[in-house]
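Lettered A, B and C in written order, each chain numbered from 1.
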Amino acid sequence: MSEIKIENVTKRFGSFTAVNNVSLTITDHEFMVLLGPSGCGKTTLLRAVAGLGMADEGRISIGGKDVTYLPPRERRISMVFQSYAIFPHMNVFDNIAFGLTMQKLPRAEIQTRVRQAAELLHIEQMLDRYPSKMSGGQRQRVAVARAIAMQSQVLLMDEPLSNLDALLRLEMRAELKRLLAELGATTIYVTHDQIEAMSMGDRIAVMRDGIIEQVNTPTTVYDYPANQFIGGFIGTPPMNFLMGQVQRRDGSVVVQLGDHSVAPKPEMASLLAGYDGKPIILGIRAESMETLASPAGDALMACVLVVEPLGSQNLLTVAFGAHRIKVSTHPSFETRADADVWLRFPADKIRWIDPEAKRTLYPK
Amino acid sequence: MTALNSTQVSAEMARLRARARRRMLLSRVFTYLVGILIAIWVLAPLWFIASMALTTPETVRSYPKSVLPFIPFSFETMRFFLQSRGIVPGVINSVLVAVITLILSTLIAAPAGYATSRYIFRGRDAFRLSILAVRAFPVVILSIPLAVTFINLGIFDQVYSLALMHTALTLPTTVLVIGSVFASIPYELEEAAQVFGCTPAQAFRRVVLPLVLPGIAAAAIFTFVMSWNEVFAATVLTVQNRTLPAQVLVSLQQSPEPYKFAGGFFMLLPSVIFIFVIRKYLFNMWGQITK
Amino acid sequence: MTDAAIALTKTKPRPRRQWAPYLLILPSLLYLAVFFAWPMTRAIRLAVWDETALLTLRQEAAAGSAAAGVLPQGAAVSLLDRRSNLAAEADLSGASLTETWFFVQGLDPGGNAVAGWAPESRIRVRTTDAAGAAIGGTVRPKLGAGADPLTSLYSEPNEGSAIAGKLEGSAAVSIGEQAVLEVWFLIEGEGEGERISGWAPSRVLQVYGDGVSGRIDRGDTGQLTRAYIQRMLNDRFFRPAFYTTLLLIVLIIPVQFALAIIMALVIQARLKFNTLFLAIFAIPLAASDLAVGILWYAIFTQSGYLNSILQALGLIAAPNAFLTADTRYWILIAIWLAEVWRATSIVMVIVVSGLQAISQEVLEAAEVFGATLWQRLRHVILPLLKPSLQVALILRTILALQVFAVVIALSGGDVVTVLANETYRQYYTLRNMNVAAAYAGFILLISMFSAIIYLRMVRSSEEASA
């Protein structure tokens, strides 16, 4: 059992509150990703779990044991650092063996565990090498091997892939995911890369300004963002946001976008009825819109500003009224700048956001 | 049962929290204590010599001495020292030597410092290493042959010939400090200036120079202090035109205590102030060298 | 694609030869060559090269004549013959035997006007001009029977030249120009196991009172010699100075490094007054060794602070005399404290810069992977500081070898002495620059020796620090 329980943790640096009353439970064997823009407090939270910088308030327990005030070495955790933090004066073997040596394990056991970890990461050939003569990817592997060799129930990772180049990151991402699934350690993985978060995590905790905004599975977070920030932060391109106005007409509710009116899903209508006459934000993802080359009754006319062919899709930036939105189309969809296209918003793909609270409205 | 359990848990937690707080506080207090002790170790002797120098000669001769300083406060001892034979000329000579050294050393070292931080050329490491080695060679070995040569050339016992010697002593350090100053200014800035239409010389003058000037001033001050402090070569290479440390050294054994203490304080004061001003650059320099 | 184009794409552009950096470092290199490398070689030469070791004897009594052999300086010689030779002004040093010859004009016994050279010994100067130069005189009468009563005048200032005329004793003469002649001796002495004879000018000889024996005072040719080194080794201050220097290094450096590392760790703890602590710790960086010597003299002198404080605390009844010949160990302790006080800062600066270069994450990794504070220091911090410590160690040892003003200030330079102080004494007090140079060379030797040892000590882990 190694559930990590973070309860009402607050961490301040002077007058700046980096982590503000955060609670989060990571269940046993779960892969939890802490995702957020830089400066959101995700690394600070991870470090509080690691014991590098104690929480000012709140409580952290690992496997039922309160570790809030324990130094890192008594927390039975291991960690992969952003800069890898490989000891430059030790060869690969000694690096991987470091934690085991500190525990004063028998020599033979250290040998086997280092070999195992090195084999898992395919670095068994370079145990004698020094970090200064290794590439970034190889150092990364050493850092992961060092963490794995500890065989702790809890593994903390602080942006482990951010210093790798794009291609290597893609490769390492998949390998790491397989490896961590095999190990089954409870993992907290900090990243600012939402693709990494989506592809790896069992659950994602999205953080902003020291607060966790949403915790859920990657697809839920993507499809049902809790608020405008998450919709805008997750996904490439981010979700489009259009300001509209709610109007009651003939007993039904429509949202007026300039000249065009959009009808919400029936179960949303009653919720939106409360916003009668008030503005509302319509959120829709680029790939959720239907794009037509010719006019259709319920489609909205827009003017193409930019066409970006991306191979698997064409990304259009279109304008209507004062709005600029991104639309992704099938690569076979032919259009050009200054041409007109017609967009259709499927009602079940639209998210309605309260313009004041910035929260997404969901039916009860 | 549950209630009991939760009070137990919170009691346990409070105990742990208290223990962690205590341990952190203790280590903090301990570190402060060590820091303060070392600070006292550094400051106390300065305190003593300052109180000796800034009082009356009678107090200096008295025993036992009061640990409280400056009682009575007086410039008598300092005046006695400054009016002693050879002191005022010594101060003038010291300043002259140090200023000539500073100018020579900076003029010669600045290009070398620039070259070592901006260009990668064959022999760069060898040059830096030999500069460091020169810094480490014993001064004493240079003074004696130079004295012989200066006598033969008829420039012995001159302020500027001593400055030539001091320049040789300070040059390595100056090259290293100036090198580290240039290294802290990214070359991209120069390139950017060139892209926006400067010639390399203009880029240097308009972009780099304003940025490095404080650092070079720091290097110059350091050079000044090294020359101001130097006593062996000064004693060997001068007879009539003694610098202040040389004058104090040769008259040390025949001098009364007020003279010694005031002299020590007077020599200490400018260097301590100067180094205090430029200490940041010294850390930079050693950061660069030991890389 | 044409062949030329292929060749072009395949050949890597040769890096443009860069002159700029070499031009920029040239002034420094030249300066260091003139004022560092050259004096360095001169110093070594002074210590091992005897400029006046050998004297070359000449076959004729003339500077340019062929060599007849070599005799060492100090060799006893017998003087077989003498001759006077016209000498250049520059060659005449204080010790040479010289004769002055006058060009005189007068009337011979026959009443004819004659002119020629005569030695000073034959002419009595009677009148001089305003500048003191002789312008007139008389011929000295010759005494004794059998000798030619007339004084010969020679056509050249040389007794071997033709006689230009003769003058009677007491004849009045006018004196024209003068010539200074140096006496050369035909000498014979023992050199390399065989007897060698030849001519040598008097300036290089010491002629004894008997006029037929003497010794070679100085030679004209240099030779390697161990004499100066030998004199240094036999100097009664050499051993104490050497041992004290080593003792001080052994006492000072470990304490200094421990203290510097503690200072650096205090700084690294990022306390509230961090910058203030750093500034205070760095103060002694600027202090000259003479000033620091005086500083600690103020503490250790009989009416100083140490006695005052001890007495105030009631630990002593009367002031102790710490800095006397009977209390050498107290002088050593005072020097030790003064040097630790003065030179720990530079080590601290080096260690702090080294610590700052260590990535914070590496230290945290050590913490996360279970290392205690002591384990972190031993397994991570100290190994990573090794390059910095190595530089500091070499620098400190070499600078410690040069300390002398502290010693003079605290001991007067007699009771406790160090190698640098002996260099100073030999040069300044005893005016013996060769032995001083030998001392300086000895310091250089120890410096290089210790640097090599330190470099060797860490060579095994060199790979890691690359």
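Assume a residue touches a chain if its C-beta (ideal position, glycine included) is under 8 Å from a C-beta of that chain, and two chains touch if they have at least 3 such contacts.
These numbers come from a predicted model, not from an experiment.
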item: Closest chain to the centre of mass proxy, which here is the mean CA position; value: B
item: Farthest chain (mean CA position) relative to subunit B; value: A
item: Intercentroid distance (Cα basis), subunit C paired with subunit B, Å; value: 28
item: Whole-Å gap between the CA centroids of subunit A and subunit B; value: 52
item: Inter-chain centre distance, subunit A versus subunit C - centres from mean C-alpha coordinates, in Å; value: 73
item: Contacting residues of subunit B [partner subunit C, same complex]; value: 28, 31-32, 34-35, 38-39, 41-43, 45-46, 48-49, 52, 61-67, 107-109, 111-112, 114-116, 118-119, 121, 124, 127, 131-132, 134-149, 164-165, 167-168, 171-172, 175, 225, 228-232, 235-236, 245, 248-249, 252-253, 257, 260-261, 263-265, 267-268, 271-272, 274-276, 279, 282-284, 286-287, 289-291
item: Complex contact set, residues of subunit A against subunit B; value: 54, 59, 66, 68-70
item: Residue ranges of subunit A touching subunit C (in the complex, touch as defined); value: 50-52, 71-73, 77-79, 81-91, 98-99, 101-103, 130, 132-133, 146, 150, 156
item: Residue ranges of subunit B in contact with subunit A within the complex; value: 9, 12-13, 16-17, 19-21, 24
item: Touch list for subunit C against partner subunit B, complex; value: 18, 20-25, 27-29, 31-32, 35-36, 39-40, 42-43, 45-46, 259, 262-263, 266, 269, 271, 273, 277-299, 301-305, 307-309, 311-312, 319, 341, 349-350, 352-354, 356-357, 387-388, 391, 394-395, 398-399, 401-402, 404-405, 408-409, 412, 420, 423-424, 427-428, 433, 436-437, 439-441, 443-444, 447, 451
